[in-house]
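Supplied in structure tokens, the structure appears directly below.
Each chain carries a letter (A, B, C and D) given by its place in the written order, and its residues are counted from 1.
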Amino acid sequence: MTAAQLTLVQIDNYGPWTVTPEPRREMDLQTLQSRLFADMAQYIGNRGGYVFFTRFDNMVAVTNGLDRRDHELLQESVGNRFPVTVSLGVGVDGVPIDALETATERVQAAGSAQSSDRSEALAGEFRDPEGADDGDVHIAHFDVNDATGKYTDRLNEFDSFINIEHGYASLMKYMREEHGALSFFVGGDNVIAVCPDLTYDEYMGAIDHVADDVDVQLKVGVGSGESPHEAGYAAKHALEDCRYEGTLVEFA
Amino acid sequence: MTAAQLTLVQIDNYGPWTVTPEPRREMDLQTLQSRLFADMAQYIGNRGGYVFFTRFDNMVAVTNGLDRRDHELLQESVGNRFPVTVSLGVGVDGVPIDALETATERVQAAGSAQSSDRSEALAGEFRDPEGADDGDVHIAHFDVNDATGKYTDRLNEFDSFINIEHGYASLMKYMREEHGALSFFVGGDNVIAVCPDLTYDEYMGAIDHVADDVDVQLKVGVGSGESPHEAGYAAKHALEDCRYEGTLVEFA
Amino acid sequence: MTAAQLTLVQIDNYGPWTVTPEPRREMDLQTLQSRLFADMAQYIGNRGGYVFFTRFDNMVAVTNGLDRRDHELLQESVGNRFPVTVSLGVGVDGVPIDALETATERVQAAGSAQSSDRSEALAGEFRDPEGADDGDVHIAHFDVNDATGKYTDRLNEFDSFINIEHGYASLMKYMREEHGALSFFVGGDNVIAVCPDLTYDEYMGAIDHVADDVDVQLKVGVGSGESPHEAGYAAKHALEDCRYEGTLVEFA
Amino acid sequence: MTAAQLTLVQIDNYGPWTVTPEPRREMDLQTLQSRLFADMAQYIGNRGGYVFFTRFDNMVAVTNGLDRRDHELLQESVGNRFPVTVSLGVGVDGVPIDALETATERVQAAGSAQSSDRSEALAGEFRDPEGADDGDVHIAHFDVNDATGKYTDRLNEFDSFINIEHGYASLMKYMREEHGALSFFVGGDNVIAVCPDLTYDEYMGAIDHVADDVDVQLKVGVGSGESPHEAGYAAKHALEDCRYEGTLVEFA
């Protein structure tokens, strides 16, 4: 039984801050956002979780293995080192989108993303560590077949990017609508999806859909585990298997 | 006369590095990528340039104001502090996509993105500082009308993200095909585009296209300048004008 | 019974690396060193430990609460993100200098600090978590009485620094020789010492020694705990008590 | 004629901030301080300057080549990305301590280091770029003879550190009192000094003093240049010459 624990990380009142008293230098904002994400990736990642930059002012994390105290400490540490604070909402569900729905509602209930009254809200439920098992998290790691040969070494970078981006846009929509799975672009030609327990045919269905829809050929490795890192690491190995075997879907 | 100087930043042989000798922890890769981008944003940004994370292993920068020596020093500093190196290609043109085409070809000519032989290639031409003027760079800063009220405070974060993402995918394709402009998602509900000299009607055309195509309502502030920062900063102020005036397109 | 767990962090073969093939830019080395330390401070710190920059290529950490797996993961993560690797030695003892002696010997046994053969050595023993109790770690937080009024706001910064520095040099030597305690300058006018279980008179003795030796007036707050953070946090509060009470030594 | 441009960087009202409303986690403060220094090192360093962490809340930089606009932008960027701001004072003089004296007075005149009223003060004079020449900055790079063999590979790390530290304390005092030079520990067994134009005998005098005073054997490479980087880079090469020749003082 899948039991994904999803955390929404939302910077408090960020939009107004970026233009007060005057618009701030864009490259400083980009630096701030990417370093905040990097710190999240280290903190959550070395506890076995995964975090995705999403929109940067809102980040989505899979946090199986992190409890309330871990979340509190993350908030405290960000508040001590950055000029902004973050609110956190947490939910647990067999279907990732439902877990995130719960997580988001908890942050929204504490106040608007652009309210100066809300600061460091934290609300949610956490996966009972006693019940945790290696079927809790399913990660699918997609990449584009021969992206270097087909795009990077042949097209200008923006046209390469458009191809990858449209493959991603197509996949994210399909996986969300068909399976309640959350797919995130993680750089290069890679997409990592947090999924319910899906079959070979369901993954083939996704790959076929993207090929038909936007003519981008994906392959995917799938792994499961008690934590996102365990599931994701198994998925990476499965994806290496695809590479060596010339297959499109491999399970760890 | 627009004269955008575009730099392609490509990590050397990154794909193979990420899986040698075994796949590396995903959150370490995410940290590495976002910190490399953050350092680029500081270095290029405090010289008046703009850089966009694009695919992270390939980043696109607008570097009017940075000369060959600035590019060499950036390479040296990255090589001293990161476990990877970067190759750089530079091109100048009135149409941004053409400048990037030239920049990309120069990197490709030095070797494949997955070649272990290529390291720290640097090739390109630079905007003559004598000829630089405040019509060299045009920046358009788009955002989504009332994204907080319509999405962030109402939908779960992934569905908010899908809306923003599809608005972006539609805009990036239209601007590239119609105008040779390069549009980059920069977080939140913001897209920054590097453009040739476009008219009010051409910007309205882009906004109408996205509204029709994916039902996302954009607005845009446009600025020009000798450097990306000057153009982009003017664009931010113009976008604030849209906010106060309730208009969809404003020029600085 | 004090049982401090000390970890020596030593960058592998760093000296030769800094001058190969040519001396590297000093400010890049400074950036690399301070960011490596910052990452250590986050990783170790949010697990309840303390780390001190010492000589930057050798750092000393108090790691009660971190086990072998935590140390392995730290090594792996550094190796994935920096151009250098680190070796780690760990020791446990009632007297901090003895714990560090053991920790250091374990790294030395694996090879010279300037050997290209040694990489990511890890050796040591770890405090048994079953036996851990709140007397394991003693932290003393010293600062200089009215440093801002006496130095920072009156002297040029280098002469202020000389005063603080000489106070530190005197204290570090005394505490090590008299008590086997390890004292580290942590910025401003602050010194944090990892100590065995010392009395009020022993702390007064240290303060008197420094006042006599180099005419710098210290005060100190002392705390104990199962982890360095708990002990150190209590020490900070005790130091605040000194400030309000006008006393020179306070225990939490 | 030496003309060193010294900048004092002082965090505004930092002491009170670190304990408001409660003492902040020490490892978060350490992270904040070292990352602020790292960013200074990048910004100043890639413009040819040098910065030293000194007390972290007060940093000393040699900024020949950086003008008022560079200083303003540094302040703005720090304010956009950190929870603290910095004040800057700048002075120029043939004797480094006199330049720093002027720089410090300008910051002090703007308000106390612990005043909540002072924020982002900037005052000073800048080296006229027209008059700049390659005798403006003199850098001496000292290290300890065979520190690895004598200390690092033989003693526990704290006792190694005490030796290096006492060598540094002795050198910093001598160089300041005899020559108005500013010496900074930069990690490992390295000390970098910003000096007036000194002779071979004067450097030998310093080395002899430290050997007599604390029994630590130094050697030194000396370089000059228009910028700290040029002078310091030449000094590093001269220090390599000492290593190969077995000499104690070499000029580039």
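What we mean here is this: contacts are C-beta pairs under 8 Å (C-beta built on N, C-alpha and C of every residue); 3 or more make two chains touch, one makes a residue touch a chain.
To keep track of the chains, here are their UniProt names: A, B, C, D = GTP cyclohydrolase III.
Keep in mind it's a predicted model, so treat the numbers as computed, not measured.
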{"item": "Chain of greatest Cα-centre distance to chain A", "value": "D"}
{"item": "Comparison of B-C and B-D (more C-beta pairs in contact)", "value": "B-C"}
{"item": "Inter-centroid spacing, chain D versus chain B (mean Cα positions, whole Å)", "value": "37"}
{"item": "Inter-centroid spacing, chain C versus chain B (mean Cα positions, whole Å)", "value": "43"}
{"item": "Contacts with 2+ other chains: residues of chain B", "value": "25, 28-29, 31, 35, 42, 46, 77"}
{"item": "Residue numbers on chain D that touch chain B, as the complex places them", "value": "39, 42-43, 46, 73, 77"}
{"item": "Chain D-facing residues of chain C, complex", "value": "8, 10, 14-15, 19, 23, 25-31, 33-35, 37-38, 41-42, 44-46, 49-51, 53-58, 60, 97, 100-101, 103-105, 108, 112-114, 148, 152-162, 164-166, 169, 172-173, 176, 182, 186-189, 192, 229, 232-233, 236-237, 240"}
{"item": "Residues of chain A defined as touching chain D within the complex", "value": "24-25, 28-29, 31-32, 35, 76-77, 80-83"}
